[in-house]
Amino acid sequence: MDIVTILTVAVRHAGPVLLVAMGGLLASRVNIFNLALEGFMLIGAFSSIVGAFYTGNVWLGVLFGVLASTLMIIIYAVFIIELEVQPVVCAISIITLASGLTRYLLNPVFGVSGRYVLSSELAMPVVHMNWLEAIPVAGQILNNHSLLVYFALVLPFVLAFVINKTKYGLDIRAVGMNEEAAVSAGIHVRKVKYSALMINGILCGLGGAELALSVYMFNVGMTNGRGYTALAAITLAGCNPLLSLITCLLFGFAESLVVSLSGVGFSSYLLGMLPYALALVAAVAPQVARRCIHFIKRKKSETEMISEYYRN
Amino acid sequence: MKRKLKKTLAMMLAFVLLASAVSGCGSKSGGESEKHRIAFVSYQAFDSSEWLQNLTKGLKQYEEENENVEIKCIEALAVDQYETKVRACCEEGFDIIITTYSDMADATIAAAADYPDIKFGILQGEMENIADYSNIADFHLNRTETAFIQGCAAALMTKTGKVGFVGGSDSGGINEILAGYQQGIAYIDNGTEDVVTYCNSFTDPTIGKEYALQLIAGGCDVIFGAAGGSGTGCAQAAEEQGVMYAACDVHYTDAAPNAEIGSAMNYFENMVIAFIDDTIHDNYQGGTSREYGIAQGAAGYEFADNDLAPQDIQDQVMAVSEKIAAGEIEIASEPLHK
Amino acid sequence: MRNRKVINSVLAIMIAFIMGGLMVLLSGDSPLETYSVLLKGSFGSLNALKNTIRYSIPVVLLAYSFSVCNQCGYFNISHESQMYSASLAIVMVSELTQGWPSWLRLILMMAAACMASIAACMIPAAAKFGLGVSEVVVGVMMNYLMAYLTKHMIAFSFIAQPGSSSIMSLPVSESVGAVSITVSTVVIILLYQFVMKKTIPGYRLSVVGRNPLFANASGLPSMRIMLSSAVVGGLLTGICAIGEMLGYYHIIYSDFAVDIGFNGMTAALLGAQNAIGMLLGSLLLGALKSGSVLLTVVTSVPAELVDCVKGFVMFFATVTFIRSDVWMRKGGK
Amino acid sequence: MEPIIELRNVVKQFPGVLANDHVNLALYPGETHALVGENGAGKSTLMKILYGQYAPDEGEILIDGISCRYDVTGARQHKIGMVYQNFMQIPQMSILENIILGNAPVSKGMIDYASAEKKVRTYLERFHMPVSPHTLIRNLSVGERQKIEIIKVLYFDARILILDEPTAVLTPQESEELFQIIETLKEEQRSIVFISHKLREVIAVGDRITVMSKGRVVQEGWKRGEVTETEIARAMIGKQNVQLIQNQRENTPGKTVLELNKLWYFDELGVPRLRDLSLQVRSGEILGIGGVEGNGQTELIRILIGMLRPSYGEILVEQIDLTKASVAKRRQAGIGFVSDDRMTEGLVLDGTIEENVIAGNECDAKFSDGFLLKYGRIREYCKNLIGDYDIKGLTPGKHVKMLSGGNMQKIILAREIERKPKVLIAAQPTRGLDIGAINSVRELLLEQRKAGTAVILVSADLEELMSLSDRMLILFEGSISGEVTDVLHVTEEEIGLMMGGAGEHAEQKSH
């Protein structure tokens, strides 16, 4: 398997994770560490299949997925912001609820259990752009992906622009960094938090829909930990949209590398550990660096000032 | 006042969503219990793998067919529930208790020791010293035989002379199937080469599809998937790329209607029903380990009804199946290579 | 202040059971029958009682571990990683000390389990107290990291059981009786109350927990006290792991400690972190679990429905219905 | 002249505290309205209602005659701006972003940084701050951050400016600058509310003065020049003319107890907070340490107690070197500490008196046998304390937070004094207390002085320093900018100069 196909698979694999990561990033920018990304993605996946099944149209299916996960995240937001429930406990309940619901509803909706496969014309259309063919390597890698994957690749740049350049972005950063100051500056903190979580829900719905509709089927527990990988990616990238793009692609590349090694004699569990180990280091490293720099700076100015003071 | 309204609204929202979702699930079971009360305790949720779904369906059917039998299917979802659920069955007066896989071996042994008069059966138990336990019968479905036949079919059907395998995990159960498959190909011996991969998940069709696409890109024109839910992804890849798919345990015709050659069917329900029959008619052999295979009707090879496989190959494959049933072919359970 | 918390927890449990009852009603079974079976399954017979205690013990230990750490502001959610590291330590010691006298192996295993669990508990604590990093982020990442590491070890390393159909570790021959586990837990419960109420370490812990600045200014070594609270938390989790591994499983199964930590946290939050409250909270969660055993055997109500009720209890345990301080902080706008 | 904004019998009730009780206030354009009152008189709550952060329980707010209710955004639309005492700024963001937060100019969907920057630069020049708008807030000095707070309000062209204790962190010179700025703002017909408890400034700045006490307006309608400081003070206190206790300075101090020499301290960013500080405190002497907050007092206190490690220099208590000693060792060596922030560092608020009093020496034989606490003896000990120090409003098991400020301070003082300290450090001991409590605190400090303890009184309240200390040191930017040996004859102007750092090591001129 040559490097080009590995990278193509990496991009295809990173698409859904990237969408969910961008959602999680926005939530953590307003100080809500959203542990339930996995739950929202699973609901998005399941509802998109249900939507496609009933409406017979892929994009209405995607819309259905987005609506379902947004409704779920509204409940999550109301419980966290209004009733001040412990966010971690709330997230775990949402995850158990999501996996329970999607497992239960298979029976009443499709009359089967375990999995449901749609007809192939309901698959997520793959876009082939001939102008991309001209570009030698990058063209091949970026070609024939679904629209949502292209959206996922563009999204980090859009988010970076929104967060750094727009008024809404300034409000989000302010609410995240110092809520009291934001209140005194007249920002409706609650509105900002709800809107950030809503966008998070929409993106998780999109991520789930892309995952499910690209294989036009739903299988119990098909997100298989991608929500947690997204969480690890944004922690590793310190909630910076462009860095998160890189970390998501990195994890996608690692996964597709293992596929090319055909998974033989290679413990997938070690691969599974990689994102979390890196995220752990990334959570701690900046603080350690900051303290060392301060320590050195302080030591340097101390010795200079004191010796110079007593010299004359 | 506004805060109170908001709180009740939030509660209502959460409750409405849950209530509407759960309304349909769970079916009512009733029926008076006569002589035999049988409990089937599964170490996984029924809907998490295909063979378990077929098994529970088969048991329900069996229960309807004969009056003097009441079968209760119970899911033990977490490790700490294995022993307590088995003991609860003993307390509730079930006289035959069937547990699953080596995960529940310890729990079964512990319960069997305390309830000598209850007859225990363990499916795929892999218990070394089964003889010491007089009231536990270990029965094991030989999936290598049907995989062997699948290997022959694949070797006969392939045009490029290269076939692929996608396993759910690099573990004993799956490698048993791989062993049969590889020896089946060797038995046909027409120079077919086989590539082995593991997708490390039983519930992720997306990753299953990636592995299958990679095998197809590598020149395989028959993909043998033994990975539960992930296998559906492989079937879909085969269907889309116009290559052939060989299924395991159940048919994957929902994902690969015209690509599936056939499926190495493993009728776990037949095996369990056979065990129940023996126990009811008092030839329960506690302390023994029995293997059910094609001969005992617990497994068999079925071609998909899209008649992808020409008649002559089907006959050849069926001939091999008879030979195995007659026990003429020796099949090892260790894979030739990975 | 005390009775407001009690009312709050009782309200949480009531609402959870009402919601659960409605779900059962909608799925076609009668809630009354369900709850009567739940009651019978948890306290109805000797075996039921035994199950309830067997399930309550790990929850109590983890609830106390969570509460000890939480008193110093360390929101300890990495119980899972502590349990995994402790059980890995047990099996490794059992493999490395083949043929040694059994009593020695037992002691070594227990020591290794406690040390491994304390180490796993110290990492998020050091990150929080030393570097000011959020211990929730570090804890969550540790949980998944250790879950994967455990799966790798029981699948491919020297403690893996070859040829078994699903991945599991080699069995540990030593074992600890259920009675001795129960007795040691009761001793720990009494010790916890005694130390918290009567002794200097208990006093210091409560002062540092409530006001670390004050503790610093009045000469208490608050950093040392905070880190030692994390050590005690890790030790309690280690004991819980010993109870589970040497008491019941003897083998590490994949994902055996999934959200065991959150049961402990729920019991701690439900019991409003006072010793008796947490004990009752743990008994409730234990009873729910043991009740669900009988429920799935006798009725057709799916086991996951009981998990939903437990999910609700968890959910509402942290919803504080009567929050005077929230009202004041929001200025009653 | 029509008032721009008027508060009509506004009431605000918090659990246990009636913050505002039927308050009436009218603000006129081009005028500074001074609002005076002790801590806890309800000034800040009233202003938060004006700024829309709290909604009044009763009463109404009339803007240009129309009654309306609004939140903070509404207030800003009504052109009301508030400068908080603790700055509402985001350190990690730049000056520009902090200023435009809340109403950034938008063009083509993006924030129009260019025009915003131009406008902000004009304000920076006007406040002669030669700083680029892109520097981060955390790199600015306290005075600069205060100006940014004001620019933030001017940026949306506020008609009404609420300044809450603006000069608390400024040097006298910076305060003067602020008063000029207020004058120019008045010329622009803006209405300014100036909240302070420093009477001298209130008289200098206020065109109209209102005095509040315990949530009610006790005196209003005073015009500029009609009233003197003592009259305002009496109105604040509520008419009884209680004379504050003075230090009679009879006996001469004994030998040196505490000695600091060449003390240096650098903070986390490498900025020197204490520079070559040397001082001695003798037994039976009260050494007053003055100066504007933020010039090294807090660092000095923390280093003396042991919560911060000095970068250089040594600390000797009776010739024993305690520079490297831990907080616990120093307390055993006889250093007592009354914290300036009694609610956070002084007490465990939701703890009983027993828990608060034994903190620090719970291993003492009086309270425990090394491991087990003897609650019987502790309760006994506390009963005596309550009796000796006349701490009112205390029942057993009741949490300390229910007590008044004065009683809380008495508990802290009781705990420290009972340990027979050689050196007692008292930081802002009387801040926010009523007159009765101030006198009892001063009595205890003077008793300690008589008993031979070396007392270090750190305070920003000049009147307290001048009436209690035998000798005074003024800190400016981490070093001693002036020493006053004859406290009786020094004038406030001289001390003001020392506080401003004028004349390095200016000896006290007048004797």
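Per-chain numbering from 1; labels A, B, C and D assigned in written order.
The rule we apply is simple: a contact is a pair of C-beta atoms (placed from the backbone, for glycine too) under 8 Å apart; a residue touches a chain by one contact, two chains touch by 3 or more.
All values derive from a computational prediction rather than experimental measurement.
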Task: Those chains which touch chain D and also touch chain A - done: C
TODO: Return the chain whose centre of C-alpha atoms lies at maximal distance from the corresponding centre of chain B.
DONE: D
Task: Between C-D and B-C, the pair joined by more C-beta contacts - done: B-C
Task: Chain centre separation (chain B, chain C; CA means) in Å - done: 34
Task: Distance from the mean Cα position of chain D to that of chain C, given in whole angstrom - done: 46
Task: Rounded Å distance, chain A centre to chain C centre (Cα mean) - done: 29
Open item on the list: Taking the mean of the C-alpha atoms as each chain's centre, how many Å separate chain B from chain D?
Closed with: 75
TODO: Spell out, as numbers or ranges, the residues of chain D touching 2 or more other chains.
DONE: 53
Task: Contacts with two or more other chains, residues of chain A listed in rising order - done: 79, 83, 97, 103-104
Task: chain C: positions in contact with at least two other chains - done: 155, 304, 307-308, 327
Open item on the list: For this structure, enumerate the chain pairs that meet the touch criterion.
Closed with: A-B, A-C, A-D, B-C, C-D
Open item on the list: Under the stated contact criterion, what part of chain D meets chain A in this complex?
Closed with: 53, 72-73, 75-76, 82, 84, 88-93, 97-98, 100-104, 106, 109-111, 152, 264, 266-272, 275-276, 311-312
Task: List of chain A residues in touch with chain C within their complex - done: 33, 35, 79, 83-86, 88-90, 92-93, 96-97, 100, 103-104, 225, 228, 231-232, 235, 267, 269-270, 272-273, 276-277, 279-280, 283-284, 287-288, 291
Task: Residues of chain A that touch chain B when the two form their complex - done: 1, 5, 9, 12-13, 71-72, 74-75, 78-79, 82-83, 97, 101, 103-108, 113-115, 117, 120, 211, 214-217, 219-222, 224, 255-256, 259-260, 262-265, 268
- [ ] Report the residues of chain C in contact with chain A in the complex, numbered from low to high.
- [x] 75, 77, 127, 131-134, 136-138, 140-142, 144-145, 148-149, 151-152, 155-156, 259, 262, 265-266, 269, 304, 307-308, 311-312, 314-315, 317-320, 323, 326
- [ ] Please name which positions on chain A make contact with chain D in the complex.
- [x] 165-167, 170-171, 173-174, 177-178, 180-188, 294, 297-298, 300-302, 305-306, 309
